[in-house]
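You will see two complexes here that share subunit A, one where it goes with subunit B and one where it goes with subunit C.
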Partner chain A sequence: MNQYTIFPFQFARLSQNDILMVNECGDFLFLPEDIFQLFVNHTLPETSEYFCKLKSHIFCADENIEIALQKTAARYRTRKSFLREFTSLHMMVITLRCNQHCEYCQVSCADRDAHKYDMSKETAIKVIDMIFQSPTQRPKIEFQGGEPTLNWDVVTASVLYAEKIALQQNKNVSFVICTNLTGITTSQLEFCKDHNIAISTSLDGERSIHDSCRKDKSGRGTYDAFMEKLETARKIVGEDMVGALMTTTAFSLNKLKDVVDEYVRLGMDGIFIRSLNPYGFAAEQSATLGYSMESFVEKYLEVLKYIIGLNARVFFPEQFATLLFSRILSPFATGFVDLQSPSGAGISGAIYDFDGSVFPADEARMLARMGDRHFCLGNAATSSYHDIFAGRKLKEMTSGACVETTFPCAFCVYQAFCGTDPVRNYLESGSEVRNMSHSPFCIKHKGILRGLFDILRKADDMTKDIIWSWITYNPSLVRRI
Partner chain B sequence: MRVLKGLASRNFSPFIGEITRKGRTFYSRKSSVLLTDDMGLSALGYRGCITSGSKGKFYHPDHIYNVENTDLLNEGDIVRLDNVGNIEVLWECNSHQNCLFLTERCNCRCVMCPQPPQNSDSSVFLNQAEEVLNLLKGKQISDCCLTGGEPTLVGDKFFVLLRRCVVEHPEAFITVLSNGKLFSEHSFTRKLSNIPRENCIFCISLHSEIDMLHDAIVGVHGSCSATQQGIYNLASFGFPVEIRIVISRYNYRYLVQFAEHMYNYFPFCAHFVFMGLELHGCAAVHSEEIDVDPLEYGPYLRDAVLLMIRRGMPVSVYNIPLCMCPSDIRHVASQSISSWKNIWMEECNRCMEKDNCCGFFSTSVSIHKNFIKPFTERIER
Partner chain C sequence: MATLFSMNKDGLTGSLVASTAFFSRDCLLMVSDNYSKEYYISIDAHEEEQVRVTLMKKDGEKFDERVLREFINELIDFQTRLMLQKEFGEIRKKIVEYAFSPVE
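Showing the complex of A and B:
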């Protein structure tokens, strides 16, 4: 028996007689089964190459435990440093009205003339006052809807007011507007340009895919209108300031390559293959739009390999894989509100509904729209910052939303790279904390992470270059054909 | 260090002064050494003189005569003259590799050390360093390196000298070559707290993250953990740290693992350097045991450097000639060998890349000559 100390780690047996091991701070190693047995039984010779490897990736130490612990702690702190940016993403629901009626709309949009669903200027000012009470130096304000351009005066008033406060407080504020673009005007685009407002829009794929869900009020497809405005927007605001998101539905699940091709054709700077969220209209329409998480994972990994192949020609990252690869391969923190531990809801992002109600996540607001105000943290007009962001509700929710302390996530080999979503848990199980096994959330992330590790294990130099070009956003890493 | 030789005018005590060829006004000659072809009346009033000609008169200041190659000395260089007739060039104005040598003592016994440590008294070196700094005061310098031995072993004097360098020369880039072990003590590192960090970097040697391996290379048990702890402490005081890894037979097969470890646990470091051996001193004695040819370590070095480049880490390769560097990492190889001990082989004169190459150590006892392949055209960068 050898006197080395084994540090805590998670592991899983993979198909190829290999064991994937991940330590507390997210460093990983593949080990053959027989070596693993020797290691855990304290019989691995300290002179073996594998022992050196295990030591190098801090799964064990012999005499110098202190420095090994210090390294683990430093990396752990770094990976959790997103917590220091206390609430950086603030979403403002400018109106619930929309000029479109998309099949999968998560918010169940309101009619064009339902002005009671508009955020008032007074509420917007109160919301911005609250946003600037967050300790973060770099608040990001995202205008959402409905279609925020339909209540444009409140958007402009909010931007001007936030810029003024940012100047006073010496903070660095940035803006994003989420718009379907179809109704946007030239003067609105010029305002975006003048105030450095990034545009986040929606594009599901080529015409037939896009039009199958993204429809106007009379049920006609919006592809042509979108394309026209996309060109204008890119011309006025600049290509790098216009990004698009896609939602995978049953219509596109088997055609994800076509979706990717459309994005590449349009010269987009990447794609985020997103699964459908079970809220709003999407929940009502799940029979026609929905699919099983298992099939999403399968199709996602398939199209991811296609995208990696494409990168031999053109720099085009898949953004969800980029995020997860960064978590697997880099020691740094990654900001992604939807997949964090503790959950990013409220502490990394918050959303302010049209009436000033504050929710920890967009999904919580959608839930409220579906009739359950469980997650409402208060109202920007009537509650104090302290009541909302240091209140009992958010504290309780956050302390429960840690994979490190919840069964069975705490023992999952992917724990260090994953996160949790109390809102989704509540929607699916009636409780913020649940056993995640076999939940769609778990099926998705486990399946994708398993696939990514498989890609990593087989990666040749070219694939490694491609993956790192995504992580470091450095297109020049790859020698393209 | 460059040393010129001549004959001493008498049995004087060693002294330090600043070279002048042009001459100085009489009242500013006290700290200068006149470089002249023949000793005349104009040599009066100087701290000393150096001449290629013959011995001066009794009324002349102490001097060294019959010196060859005086053209190697430049206006403003700082030299030390002794009674044996040695002229040590302590500071070269036109060089970017000037050092202040603080001690011959060391708390490591590296198997590949080119300057084997001595247990000598450090005060000579410390006074010398102080005098050099006095002469440099008010001048513009581009860089200065504090080295040894292990410079931190001189204790409080180290902090005083470092502070002087950093504060008196904010325009310069100050480097400290150290094994970092003493900084594993928090109380020792804390003495850095009154030293500005903007123009100063600690270059710490770490040859492996595996304690058995590193400790075997540096010859002292416990060094690996102390050095790494030191790096963490230096970083926590906000000082930039460069990690230097010397490639030898001991560690070359572990370079990739080392590179990955650096990214995972030392991503805050400012620069990473892989260095070829200088087969001098201990390294010459142990050359059989430590030397490894470029063909053997090349693939490992390549993978380690590429791993770092992919991750966006600032990485360089020192002391490895371009023709012995794997082609896809040549762009990070630097001209790293101090000019006074830098040589090229005959084949190198035909090479198109000679002016971008580090060449060889004149001090090395053997050179991998059969791996020299002169470039017949410029390489792509």
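Showing the complex of A and C:
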């Protein structure tokens, strides 16, 4: 028996003879089965090449454990450094009113004239005062709805007030407006340009796919109106300031390549292949819009290979894979509220409803709209910052939302790259902490991560260059045809 | 003997006998959990230091004996995980403690 000390890691069999090992700081190695057995039984010769690899990736230490401990701890701290930026994403629901009625909307949009669902200027000011109490130096304020352009005065008042406070506090505030674009005006776009407000919009694919779900109040597709406004928005605000997100439904699941082609045709800077969330209308219409998570994973990996192939000609990242590849291949923290451990709900992002109610995530606000205010943390008008962000509710929720301490995540080889979502757990099981086995969340992330490791294992030089070009957002890393 | 596979005559259920000298209670329960979506599972005392695990497909289809072999492989992997956990548990605690200590 050799005297080396084994450091914490998780493992899984990826194929007959290949074992994937991932340690506490996200370093990974593929090991042949026989070598793995020797290693865990403390019989791997310390002179072997594999031992050197294992030692250099801190899967073990021979003599000086303290140095290996310090190294691992430093890397662990780096991976968890998103915690230092405590609540940097703040979403304000400017109104619940909307000019569209999308089939999968998760926010239960209100009618165009239902002004009682508008955020008032007074509430907006109180929300912004609260946002600037967060310790982050770089608060990001995202205006959401409904359709936030329908309550434009409050958007402008919020931006002007936030800019003033940012100047006073020497903070770097940034803005995003989430809009379907179809009703946006030239003057609104000019305001966005003048105040550096990025536009996040929705495009599900080519006309037939987009129009299947994204409809106006009378049920007509919005593709033409969207295209017209997209062109105007790009001209006024700038192409790099207009991004789009897609949602995969049963209408597009088997046509994801067409969706990608549409994004490439329009010169989008990448795509985020998103699955449907089980909230709002999407939950009500799951029979027509939904699909199994297993089929999503299969189609996602299929289209991801197609996108990698496309990158031999054009720089076009898939953003979810980019995020996960960054976690796998780089030591740095990647902020993504939906997939963090501890969960990003409340501690990385928070949402302020039109009436000032504060929730840890948009899905928690959706639950409240469905009648369950379990996750409401307080109200920006009546509660203090401390009550909301250092209160018992958020502390309890966060302490339970760590994959490192939840079964079976604590034993999962993908633990270092994954996260948890207490709101979704609650919605699906009635409890914030649940056994994740067989949950759609686990099926999705485990399936995708397994697929990504398979890509990495088989990657040729071109594929590796493409992956690194995504991670570093550097198109010149790939020699294109 | 550590394991013994058997198929029921009707072809709907399969059983394996696992030694509790090799596999802990946690290990048996955690691996069973992996299979609980597709199979009904029962765990019963067998002979001394042995349990019998019986699996039946929920959809009523025929049972494939390979599932039993995979089940045993997973038991071995999970028991390895539990043993490793014991071995490096203290180190993990120290890593987290160091990582969140104030920088000197």
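In this section, the second predicted complex is superposed on the first by the 480 of 481 C-alpha atoms of A that agree within 3 Å, B and C clash if a C-alpha of one lies under 4 Å from a C-alpha of the other, contacts with A are read in each partner's own complex, and residues count from 1 in each chain.
Definition applied: a residue touches a chain if its C-beta (ideal position, glycine included) is under 8 Å from a C-beta of that chain, and two chains touch if they have at least 3 such contacts.
Every value quoted in this text rests on a predicted model; they were computed, and no experiment measured them.
Chemist: Applying the document's definition of touch, where does A:Ser208 land relative to subunit B and subunit C: first, second, both, or neither?
Modeler: After superposition on chain A, A:Ser208 lies in contact with neither partner.
Chemist: For A:Tyr76, is the partner it touches subunit B (first), subunit C (second), both, or none of the two (neither)?
Modeler: second
Chemist: Of the two partner chains, subunit B (first) and subunit C (second), which one does A:His438 touch, if any: first, second, both, or neither?
Modeler: second
Chemist: Touch test for A:Thr472: subunit B only (first), subunit C only (second), both, or neither?
Modeler: first
Chemist: Examine A:Glu24 and indicate which partner it touches, taking first as subunit B and second as subunit C; both and neither are also allowed.
Modeler: second
Chemist: Of the two partner chains, subunit B (first) and subunit C (second), which one does A:Ser120 touch, if any: first, second, both, or neither?
Modeler: Neither partner.
Chemist: If you stack the two complexes on chain A, which partner ends up touching A:Asn2: first (subunit B), second (subunit C), both, or neither?
Modeler: Neither partner.
Chemist: Does subunit B (first) or subunit C (second) touch A:Asn196, or do both, or does neither?
Modeler: Touch status of A:Asn196: no partner.
Chemist: Check whether A:Gln319 is in contact with subunit B, with subunit C, with both or with neither, and answer first, second, both or neither.
Modeler: neither
Chemist: Following superposition on chain A, which residues of subunit A contact subunit B and also contact subunit C?
Modeler: The overlap between the subunit B and subunit C interfaces on subunit A comprises residues 70, 74.
Chemist: Name, in rising order, each residue of subunit A that touches subunit B in their complex.
Modeler: Within the complex, subunit A contacts subunit B at residues 27, 46-47, 52-53, 55-58, 62-64, 66-67, 70-71, 74-75, 78, 330-332, 461, 464-465, 468, 472, 474, 477.
Chemist: Of all residues in subunit C, which touch subunit A in the complex?
Modeler: On the subunit C side, the touching residues are 30, 33-34, 36-37, 77-78, 80-81, 83-85, 87-88, 91-92, 94-100.
Chemist: In their shared complex, at which residues does subunit B touch subunit A?
Modeler: Those in contact with subunit A are residues 209-213, 222, 224-225, 228-229, 232, 254, 257-258, 260-261, 263-265, 267, 306, 309-312.
Chemist: Could you list, by residue number, the parts of subunit A that touch subunit C in their complex?
Modeler: So the residues of subunit A in touch with subunit C come to 5-11, 13, 24, 40, 65, 69-70, 72-74, 76-77, 80, 407-408, 411, 435, 437-438.
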